[in-house]
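Contents: one structure, followed by commentary.
Chains here go by letter, A, B, C, D and E, matching the order in which they are written, and residues are numbered from 1 within each.
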Amino acid sequence: MEFDFGPVMTYFPTLLKGLGVGSLVAVAVAFLSVVGGLVVAVISIYINKVVSWPLRFFIWLFMTTPLLLQLYFLYFGLGEWILIPAILVGILGLGFHYMAYNADIFIATIKTVSDGQYEASRSIGFGHIATIFYIIVPQAFIRAIPQLGNNMILMVKDTSVLSAIGVAELVHASQYAISVTFRPFEFFIVIALLYYVINIFMELGQAWLERQTAYRR
Amino acid sequence: MVEIRNVHKRFGDLEVLKGIDLTVNRGKIVSIIGPSGSGKSTLLRSVNQLEVIDQGEILLDGVQVNRPDMNGLAFERHINHIRQNMGMVFQHFNLFPHLSTIDNVTLGPRKLKGMDKKMAREFGMELLDRVGLAEKAEVFPNHLSGGQKQRVAIARALAMQPKVMLFDEATSALDPELVEEVNRVMRGLAEEHMTMLIVTHEMTFARDVSDWAMFMDGGVVVEECAPEKLFSNPDQERTCNFLRKHLGNNH
Amino acid sequence: MVEIRNVHKRFGDLEVLKGIDLTVNRGKIVSIIGPSGSGKSTLLRSVNQLEVIDQGEILLDGVQVNRPDMNGLAFERHINHIRQNMGMVFQHFNLFPHLSTIDNVTLGPRKLKGMDKKMAREFGMELLDRVGLAEKAEVFPNHLSGGQKQRVAIARALAMQPKVMLFDEATSALDPELVEEVNRVMRGLAEEHMTMLIVTHEMTFARDVSDWAMFMDGGVVVEECAPEKLFSNPDQERTCNFLRKHLGNNH
Amino acid sequence: RDLDEIRNDVFQVVNSGAYPPFSYVDTQGNLVGLDVDMAEALAAKMGVEVNVQSSPWSGIIAAMVGGRFDACICSMSDTEERRKAIDFSDSYYSAGLSVWVQGGTDDISSIDDFAGKTVGSTLGETGNQWAVENGEGKWRNQTFQGLPSMMTGLTTGRIDLMIADDVPVLVAMQENAPDIKMVDVGELPRWPAAISVQKNKPELLAALNVALAEIKADGTYQTIVDKWIGKGANIE
Amino acid sequence: MDFNLMVEVTPLLIEAAWVTIDVSARSMFFGFFVACGLVFLQSFRFAPIRWFARGYISVVRGTPYFVQLLLVFYGGPSIGFRLDPIMCGVFVGAFNIGAYMSEAIRGSIESVDSGQTEAARSVGFGKVQTMVSIVLPQAAPLMIRSVGVLAIVLVKNSSLVSIISVVELTYQAQRLIGSTYKPLEIFTLSALMYIVIVYAVMGIIELAYRRATRYTTQ
């Protein structure tokens, strides 16, 4: 197989634009899924069952079904009532999806925070919610960093599913270029490199966070 | 003033408190002594409602602390209010590992009393200074020695300026100099009308610091009286046995 | 026999041990006393190589414990062997929360000495009985009182039948009766030629139990001598100040 | 692999499996369609054993370039740019673009009317390329992965019109009758659909062209077209 | 809804679902060993070995799964490494998920209080034994949860192996939609199958989690 990166150069600006769109989605999803995951975890552990049941079902639904189907449903299925813009569909779909995953991680790390911590905070006079907010959640978050990093790195690449609903992210842009130029491997290698650059930044970020919190364990 | 009336507590099959009665007047220091496993920690935790008691009642300045009649939310409001007036130092310290020493101390005043950051810091540094830890303000709990942790725990409890302090083995990790220092601090607090309940294994400390002493064993109060009497001439044989060493020393 | 020679240890900018020397002969009990934060725990941890020392050497029966010359795997084998002969009781106990009391005690003998399950259990029960906890054998650490935890930690360390025991605040959570009991146990062990290093804040206990006493402050040895002398007539003023209270009591 | 190697083994042919009536799986799970029959007819003429498989479009191109398959008989359009990467046989039919709108729409009668509209096309198809290259600054492009979702997009109003190869849409219209209609907007480009093979396989390419000519000559070709497109249809 | 059609295509989808299960389960199984190996390599003192493990994790996590699939499937034969599509899916899946899993395992291990390691080491346990007897049992709850999440991810991402012409559940569904123009019916069916598969995985996770946390609720 001979490689010819000429065509890649032609489409490089398109690819970069795709990367930009993908990153935008990823940032929004990261925010939504981490904050949401935390809220879901806290509610399902600490708040009463009645609230947590519908929530759990909701999470369960996003956890069990494939992302692609969720996106199709949000994009086409809801089409009869409401037309959500594709990029928003992507953010919501991916966001809820990873919210479910992150919630699972938080549920486990929250349980690793010892009862003594809860009691100490309550004895100062902090309420249930304040204790969760100031004491439990920060500690649980610190312990969840490696797993959250994992999920977020997975998520960045899952943004490519959005090409199915026509969001012009990186993979989408490359698929178009490939079908025109028939240079799949050159494009795939470049895509891999571009993703890898993002990944390096994410790994650095994660390592930094881990270092910053190492003495807070 | 703290009143403990006929408090019962069981863990599954194990009855740990079998009807405890004790009254601690305002500004007084009461020591609770007794063998390991006799239920001292459980009693302190019950006063703070960290353990829900099965029977009996606990009153703080005439207000009932345990309220089996209250539902979740109302009880929550009630107990948070009570606890802000009741500081506790745990046997295992339970410092918050994600917060520096100074933040451990000032979190309560800042979030619960709305003290502003600067003032809270000043106040916190004052307290840390009082327990000799000013230079460890920015250090995280994992990098503190045992005695340092215990002192942070004391400063953290004092930071809420409670009416009542509950100390569970308040001096177990402290050296003699610091014990004396804590003794002095407690005396000072008592003069400012703080009420204190102290669980301790250091009989000399108990004798020196407290206004009243209670000896419990197996979940019941064996004897309570002025510390001078308890440590020199107790009524019960069980107490005599327990204090043998210390009685011997002082005669 | 444990020899500690010119040991230095620093945490970042903070020099915690500044050249400590100490020799503990076989079958002897040595107490280390000193103010909070003076480096006592760090010293004990260094003996066990839980802290890697920056300078100096530590010998157990003539064998060097710290081996900066050894590479990973060889050091690993070496230190595991050493540690099996060196029991340690931590200031914070560090019981294994996922194991019941008896399993906490017997895990070592079972996995490291290949003791069979039944025998290990018998042996473990014997040890638990010795510290008065036979009836808590099946209980998990979270459900033990402070003193009970400490006793389990002691039993766990003894279960390996080490030549040397390191106690960090071995009796801080124990009541006077138990302290006496532990004192008795230690004496017995010393007669069986176990060597012991004890960090303690209980001066009476240090005086009663030990053959030799060392007072350290700020990472240096201030004074070491027989406990009778240290607790009645110390040479250094710093020691006098620290022990003021106890000196006073005994004169 | 070139022809002599294939003779000793099996002729590996690929299509997308989701492009009726050219290739699709029926409800029994068999891969069928015009492309499949065409592959079998050609293989018979070439005297080789054939194995027809399907792969998603995004994988097909990699598969062809990467050499896992010998030929793609998958209604692939033959364009200048693609010829730089792979070789094409003679055309076996000619694909034309068509424009479709919702049943009630009447404001589109030429390409100029596309201005400001949202135009749908299927990612990777030539129609998509045409829409992207010509639509710059004129209309918004929206891509879909496959005709079914594009048709849903059109009926739900996600797009105002769609550009697609005509035959598949006509067939889809027979299957179920959505409320859409074709509009004539004048001249749209046509591309020849051809069999693609890897570069530098002259013998295979030659054999395919010969076989293609033979089936056209002996009527097999028209039989297949009759079967899948309609009696007497002319798609050349 | 066209129920006749649904009945008709169900066997086809079940067959494809089985491929999904097969590929995911085998990837998970082998991936676990890959993960353990990576965690182990990272504990080496000899730095280049650690760098190798870190580098591997970084590259594998940093590049998209489908690109890895394509490169191994099409690039492999040129270095004499020829796999059939399903085996390739299993192989790449295992080495891909292994990288993620090793991070999940590392994170769980680090969540255990360092005092526990110290206590075990002071009893005389070696590194391995400390890990097995003390750290892992305490890391287990978090590990089960986070590895469990990855198992679910694996099942769902197995749809990507269609790119190397494996006919698994998602691709089969898309092909059937392509020929029947009945997306609702077929998506519903395939979604149900995914729900069953993932629900089973979640059930296993939940059981394991309960077992691992038994002692905390004693």
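Heads up, the rule we're going with is that a residue touches a chain if its C-beta (ideal position, glycine included) is under 8 Å from a C-beta of that chain, and two chains touch if they have at least 3 such contacts.
In UniProt terms the chains read A = Amino acid ABC transporter permease; B, C = Amino acid ABC transporter ATPase; E = Nickel transporter.
This one's a predicted model, so the numbers in the text were calculated from it and none came from an experiment.
Among the remaining chains, not one touches chain A and also chain B.
Each step here moves to a touching chain, and the least such steps from chain C to chain D number 2.
Note on connectivity: the fewest chain-to-chain touch steps from chain B to chain D number 2. A centroid comparison over C-alpha atoms places B as the chain most distant from chain E (Nickel transporter). Centre to centre, using the average C-alpha position, chain A and chain D are separated by 36 Å.
A straight line joining the Cα centres of chain B and chain E (Nickel transporter) is 50 Å long. Taking each chain's centre as the mean of its C-alpha atoms, chain A lies 17 Å from chain E (Nickel transporter). Residue positions of chain E (Nickel transporter) touching 2 or more other chains: 70, 74-75, 113, 183, 216. The set of chain B residues that touch two or more partner chains comprises 92, 143. Multi-chain contact residues of chain D, defined as those touching 2 or more other chains: 58, 62, 65-67, 149, 152. Contacting chain pairs (ordered by label): A-B, A-D, A-E, B-C, C-E, D-E.
Considering their complex, residues 11, 33-37, 40-41, 91-92, 143, 145-148, 151, 168-169, 172-180, 201-204, 241-246, 249 of chain B touch chain C. Residues of chain E (Nickel transporter) touching chain A in their complex: 58-59, 61-67, 70-71, 74-75, 78, 100, 103-104, 106-108, 110-111, 113-114, 141-142, 144-146, 148-150, 152-153, 156, 159, 170, 183, 187, 190-191, 194-195, 198-199, 202, 209, 213, 216. For chain B in complex with chain A, the residues that touch the partner chain are 45, 48, 50, 72, 76-77, 80-81, 83-88, 90, 92, 94-99, 107-108, 111-112, 140, 142-143, 156-157, 160. By the touch criterion stated above, chain D contacts chain E (Nickel transporter) in their complex at residues 14, 17-20, 24-29, 53-56, 58-59, 62-63, 65-68, 146-149, 151-152, 172, 175-176. For chain E (Nickel transporter) in complex with chain D, the residues that touch the partner chain are 5, 8-9, 11-12, 15, 70, 73-75, 77, 162-165, 167, 171-172, 174-183.
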